[in-house]
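Shown next, in structure tokens, is the structure this report addresses.
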Amino acid sequence: MPTRVLMEGSHAIAEAAIQAGCRFYAGYPITPSTEILEYMSHRLPQVGGVCMNAESEIEAINMVWGAAGCGVRAMIASTGQGISLMQESLAELANAQLPCVVVNMMRGQGDYYQATRGGGHGDYRHIVLAPSTVQEAVDLVMLAFHLADKWRNPVDVLGDFILGHTSEAVEFKPLDERDLPPKTWAATGARNRASHNVTPLGAPQKLNLNPGDHYAAIAAKYPEIARAERRVESGLLDDAELVVVAFGSPARFVKYAIRVCRERGMKVGWVRPISLWPFPDETVREATGRARLVAVFEQNAGQMIDDVRLAILGGVPVVPIGGISHDHSGFGVGPALEPAHIVARITEAYQGKAAA
Amino acid sequence: MPTRVLMEGSHAIAEAAIQAGCRFYAGYPITPSTEILEYMSHRLPQVGGVCMNAESEIEAINMVWGAAGCGVRAMIASTGQGISLMQESLAELANAQLPCVVVNMMRGQGDYYQATRGGGHGDYRHIVLAPSTVQEAVDLVMLAFHLADKWRNPVDVLGDFILGHTSEAVEFKPLDERDLPPKTWAATGARNRASHNVTPLGAPQKLNLNPGDHYAAIAAKYPEIARAERRVESGLLDDAELVVVAFGSPARFVKYAIRVCRERGMKVGWVRPISLWPFPDETVREATGRARLVAVFEQNAGQMIDDVRLAILGGVPVVPIGGISHDHSGFGVGPALEPAHIVARITEAYQGKAAA
Amino acid sequence: MSTPLKKVSAKPELLLSTQHHLCPGCGEPLAMRTILEIITELGMRDRTICVCGIGCYTAFPGIIDVDVLQALHGRAPSVATGAKRVLPDRFVFTLQGDGDMVSEGLQEIVHSAARAEKFTAVLLNNGVFGETGGHMTTTSVLGQRTKTTMDTGRVAEKHGYPIKIADLLAQVDGAVYVARGAMHTPSAIAWTRRILTEAFRAQLEGKGFSFVEILTMCPTDWYVEPSETPDWIEQNFTGTYPLKILKAPA
Amino acid sequence: MSTPLKKVSAKPELLLSTQHHLCPGCGEPLAMRTILEIITELGMRDRTICVCGIGCYTAFPGIIDVDVLQALHGRAPSVATGAKRVLPDRFVFTLQGDGDMVSEGLQEIVHSAARAEKFTAVLLNNGVFGETGGHMTTTSVLGQRTKTTMDTGRVAEKHGYPIKIADLLAQVDGAVYVARGAMHTPSAIAWTRRILTEAFRAQLEGKGFSFVEILTMCPTDWYVEPSETPDWIEQNFTGTYPLKILKAPA
Amino acid sequence: MTGIGGQGIQLIAKLLAQAGIREGRQVMMFGIFMGMIRGGSSESTVVIADQEIVAPPIVPDVWGVLAMHPEGLPALARKVRPGGVLVLNSSLVVSPPAWDGVRRIAVPATELAKEMGQVMAASMIALGAFAGATGLVAVESLQEALGDVLPPHRRKLIDTNRHCIRKGAEYVAQRDMGASVPA
Amino acid sequence: MTGIGGQGIQLIAKLLAQAGIREGRQVMMFGIFMGMIRGGSSESTVVIADQEIVAPPIVPDVWGVLAMHPEGLPALARKVRPGGVLVLNSSLVVSPPAWDGVRRIAVPATELAKEMGQVMAASMIALGAFAGATGLVAVESLQEALGDVLPPHRRKLIDTNRHCIRKGAEYVAQRDMGASVPA
Amino acid sequence: MLPVQAVARQPATVTIDVETCKGCVLCVDVCPPHVLVMSEDVNRMGYRYPILLDGCTGCELCFKICPDYCFEVYRGAEDAAPLAN
Amino acid sequence: MLPVQAVARQPATVTIDVETCKGCVLCVDVCPPHVLVMSEDVNRMGYRYPILLDGCTGCELCFKICPDYCFEVYRGAEDAAPLAN
């Protein structure tokens, strides 16, 4: 790959995975994630990898399970409906401690809860990264593979229709991953070693029938991840009276709108959580130091706002300025995303007219 | 059925459904929900209903979809894994506005997020009811059918292993349901009327190609439900310095523990949310009027505590005193449920030794 | 012309609008028309429930004048099961594509057949996921170029073999009528009309599960002009998927 | 006895413990032993990956001395696909029950066969969901009393017909070896050992998808004494599920 | 009541509860068993009271224990109230625990059952012994309740089971091990 | 750029973007199309700049519009900046909107394409006209970029398409409808 | 398969809804007497559409093959019963 | 199906792990010379278990049918190669 190439988001995500060493992909077509599958079906064989045209989302994620269980870097992509179908597997992949990368190209941003609260059963967590530009998508996909291996846990990348269909010039910068331990736990045939049991059922040691220990070990891992892996970006906070919190593609629109608002003399700043789980609650809390109000722009009925409120716990009022916004496509490119609309909502909030 | 009969929770739930007019059940065996299927396979045919031994959870929920779409009261039960598999359908049943009752007999209480935050994609909500005793399970299952029809939305009943396997004498008290409108929207063959399109895709009117309107109508329904359907029970709040919040079977243990604590002179009270969505946030907020601390006992890594904090928003500190508790069974009957243990945790919190 | 002319054929009565977004030369509207005409013919409009899958044909639920239960992708047979079991005297049929039925929802259709569910399942087989842009499905034939088999065409070693779902269902006890038609020529259409009628009759007579596969043209994703699709079907499809009755009640 | 005696048979080398929780007279441990013995015989212990489903046989992953990927209920064939595709020189087999394979995960096994995945799928068929307490599965035979068909036994009209999965898979291009054995008599065990060996060889020779169904006794959920199970199999099972090779490479 | 899968623990618990109901008492019962069928421990708690029951299903303490098998017994040590009773199947529980202030009643239930040609009826014998020893419910109530709890396909065993219950009660009566329920 | 599915809107947008890249400029492009293939509107936004792009993918305002079909045009009214350009396919957009201060350039692209025996190449002609009329990118850059963006199975059409692009550019040149890009 | 014979009976004609036509040409290909030809002009969607020349036999094949429901077929009264198949 | 013949060769014997035995009686049922009988006693799990009488032929059928891996079979050295099947 040449240094900077024009790629649409979907293809850039796929290429980033390959450059991060992903050698297995399984997918089932669904707008707007299909282009990732298309790209993989063409590119993976070229690098000696395997791309499966899986017959359904459930089969796809379980093929990923098999490849990941053998120690191979593996990825899957889908959107809401497809991700919902995978919930049993996504929950249990965490219990099996299998590293893999799950890309959800959302229609809108309605899957925040699902991604961060575990759409599946039980107390598992995935690390969730939400890129805002095509370049960041590339970087975060590469990071996702790293974190997945580091923590032996699935990592989700939450994109959307806009990200997938925006083309920009991108660069692929491989990470230094020498600190990662080898995958000695994988199922590869027990050559010159004791046999393994790679399982979500909580008895990974042969003859160890105490699943409780295993679950306890996993449960103990999450607070550690929460401490280590918070990522966030913010801007113009120093004198901000109003702080707008937004993630993913819409955050890009919000930044633009804030620039407009600043030009009009409003003291507004922004926080963009990059990791949605763990949620960067400290930064959000600190960002509200001078602010009198926090506004949350998200393309859904109000989901991340819970995390913002939990971070601030009543310190300052938190108001929603986003919302579900429907257009003919159903893919989440609604009128609420118009920069002019966002400027208006921010202005309203700034002037104290927004409802909590 | 005689007036008061000894029934185990699972059977009581099934019988309550039948007495509420449920005439379709589809299920797939999974501990601890299997007994509901067993009971239904025997009893439903006796009342002219249909019980399907579905071949999988996904097939089961979609059979329920079909029956509900024809206007018949229908129910399904499963546990975590099975409920996870149904997430696409559970989300879209809400979009299709199909009334049905979904029973999740949890292993522990790890599925609170999944139930209340939508394990599926998008912004849908189910009403979630959490019984604490077998009699209440009976009452809430009956109510669930009523609310499902009233709001044209799925209603979840969140039970657990303990509820399912506890036997108590119960009574079945049918509701007065004359206020429910007839199901004129159902697909039953378009006899003497215009044809229907019962769909989750947002164009229920024939020739109406504007899905946005439909989604907006559904989105507008949730705040209404939230206002109307909060249910909660509480006790000993008047002078309580510490309020313990708990739901479901564990709440029964908590009540007992609080009685013990009161006997030992501690000023402790309790709140038990019965509807988990909508969450009775006002009651929780008011209950903390005199309290200096709120403690949340739940059998998971901390899920409902989010809703408690969101209700209180920093008014008083909120501490977790529950947790995941594993035993050999894996079904959630861990040592943390021992009354003595709960008394100890409450005492600790009361004495200010609990960590926030 | 001296004799007054009379209209002998027009758009199906049960079509509320003739406008749809399907591509030029698509075979699916032809299958839809055939089904609607038979429903009219058998006088079943007001006891019909159509359970529709998700694919290009999902354009129809909003414009056909019968009750529809729109199912999720792959789930139509289970939804139809629920419907037919609670309303056994209604006429219930499913409409699914190959992606919907043979890929995403294979198990639903096989289980429904084995359970001898008394609805009629209709498959619109074009060997691609059309709606998403033309990717390989389980029924894509060997050699077929699709968006996910672009470099090599479908290759058995890598992508496996097509599933002949009608052949499979014919093996299942519980299925009483199984046949395959197509929409690429007027005579294929007439044949399909016959087998659909037989399948519907099998349901009405309570005989068991009935199934009709219909090969439909998808010029867009076969990368040919509409006028080339009849030949394409003969050259690529009917070898693997011959038009015939595979099973019929005694 | 004058001649010194030598041990000629003992528990399988690849069993780390002989203790398990399965019921008295259960057929599943017999199938497990047969498989482990063949793996030892073929010298494949250190390149074997067993992909295990969820049922009573899930007792084994913790006590067998080969690498195991524990799959979720129904998903073993897809997991095995992922494994075999990334490690094509390993020996991969799945172990599933009838509930796991033919009910919950039917589509995974059929799709895997059609894709000609080069692993061996082993089905332990006892016609019930054993682990959950003995409910009807897709393979329960007509008339069979289970916890969910207690009042009437399995009745076609209500519960449908059993799926003969081996027959179905034999129809699928991509499957090269399909056979059925059982564990109820020493001769059936010997037969099963032969077909398992042939199936494993088909995989090792890269021929395609291979499949062995094994009828296993479940006295608990058949409501008979263990000593009655051999007869039960002959009377209720082998009619629907005859022991034979349904498909073999030319 | 504790034992291992297959011993019929859940069944005798249900029988005891149903007998309580037959006597017009308040009853709560909670059963837990590994894998629902096979080996592994099986346990059931029955609360029978004359007033409303306030205890949760996993009770803080117990007054009577019926142990069919040693598995699971140690876990109960903390819960048994002084003044309580431990009825145990001495055929399998060979080294029974000594709990302070708890009366120990050993019944060779499995052996007795064997003598009767009904190995699997050991639990019925033990239940009879438990009722006989504690007087918690009448032996007759248990016998009557049999018809309520046995699944249809086991109805033919009613008489044998009645007989076993009686046998257990007689075993303790003959050895004068009976006692009354605590207040 | 707006039109309906099947007209090749996404392709010409990509071509324009790629031509921008070839000229060493900053480029962002965003495409949206119903159902990804079939009828219904299809729209793509291309931003080409010499400095870093700050606008989000759905831009607040646009300077040049290329309309192949009337569908989707009204929605753009609010966005077009005064001083902008509207290039339209006059074969299909029969009653084009009159936007304040926006120069309107009508190109009968479909008819021209028909004349060339290539109905489906209308969008290439229109793109050529757009480039010719605005000078946003050089016509040569477009022609060169063709090789980068056409999928392998359409490569054989490169020459025809080059020809169409030229044709469109010539159409506006001949009528002296060209203009330069705003600062 | 059932053979379908083009029914050649005059007088007959068809109407064509040219605005919903998508120009697939299938009708032109099946018309036995070749009395359908594609227009030079395009409709509002930009598609060419069929034009009827003289000599229609009312065989309905165009009607049957048109995916966009564009045709209605008219025949002389004596033959006006819909064709059976 | 392959026929399996009981191989009758003396001297031979078996060992039985009576503590893992679950009393299913399958071994007793298959033993050709009927040299296995169930005990009166029960093991720690409460199950009766088989006891070996004289006359074992070392045919291994008990071994093959035992679901609880209780048997080991011993034969005279000259016959000690594992039985092929």
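Observations on the model:
For reference, chains read A, B, C, D, E, F, G and H in written order, and residue numbers begin at 1 within each chain.
One rule holds for everything that comes next: a contact is a pair of C-beta atoms (placed from the backbone, for glycine too) under 8 Å apart; a residue touches a chain by one contact, two chains touch by 3 or more.
The shown structure was predicted, so the numbers you read here are calculated from the model rather than taken from an experiment.
Touch-path distance (fewest steps) from chain B to chain G is 2. Relative to the C-alpha centre of chain A, the farthest chain centre belongs to H. Interface comparison, A-D versus F-G: the higher count of C-beta contacts falls to A-D. Distance between chain centres (mean CA atoms), chain A to chain B: 29 Å.
If you average the Cα atoms of chain C and of chain G, the two centres end up 24 Å apart.
As a whole-number value, the distance joining the C-alpha centres of chain D and chain G reads 59 Å.
Distance between chain centres (mean CA atoms), chain E to chain G: 85 Å. In chain F, the residues touching two or more other chains are 34-36, 39-40.
Among all residues of chain D, those that touch two or more other chains are 22-23, 72, 103, 105-107, 111, 132-133, 138, 150, 159. Chain contacts: chain G has no residue touching two or more partner chains.
Interface of chain B with chain A (complex): residues 58, 79-85, 87-88, 91-92, 106, 108, 110-111, 113-114, 117-123, 202, 210-212, 215-216, 219, 222, 300-301, 303, 306, 309-310, 313-315, 324, 326-328, 330. By the touch rule above, chain E contacts chain H in their complex via residues 4, 7, 39, 69, 91-92, 110, 114, 119, 122.
The residues of chain A lying in touch with chain F in their complex are 6, 8, 31, 34, 161-162, 165-169, 249, 252-253, 255-256, 259, 328-329, 331, 333, 337-340. Every residue of chain G that touches chain F in the complex is listed here, in rising order: 40, 42, 44-46, 48.
Those residues of chain C whose C-beta lies close enough to touch chain D in the complex are 103, 105-107, 110-111, 114-117, 138, 156-157, 159-163, 167-168, 171-174.
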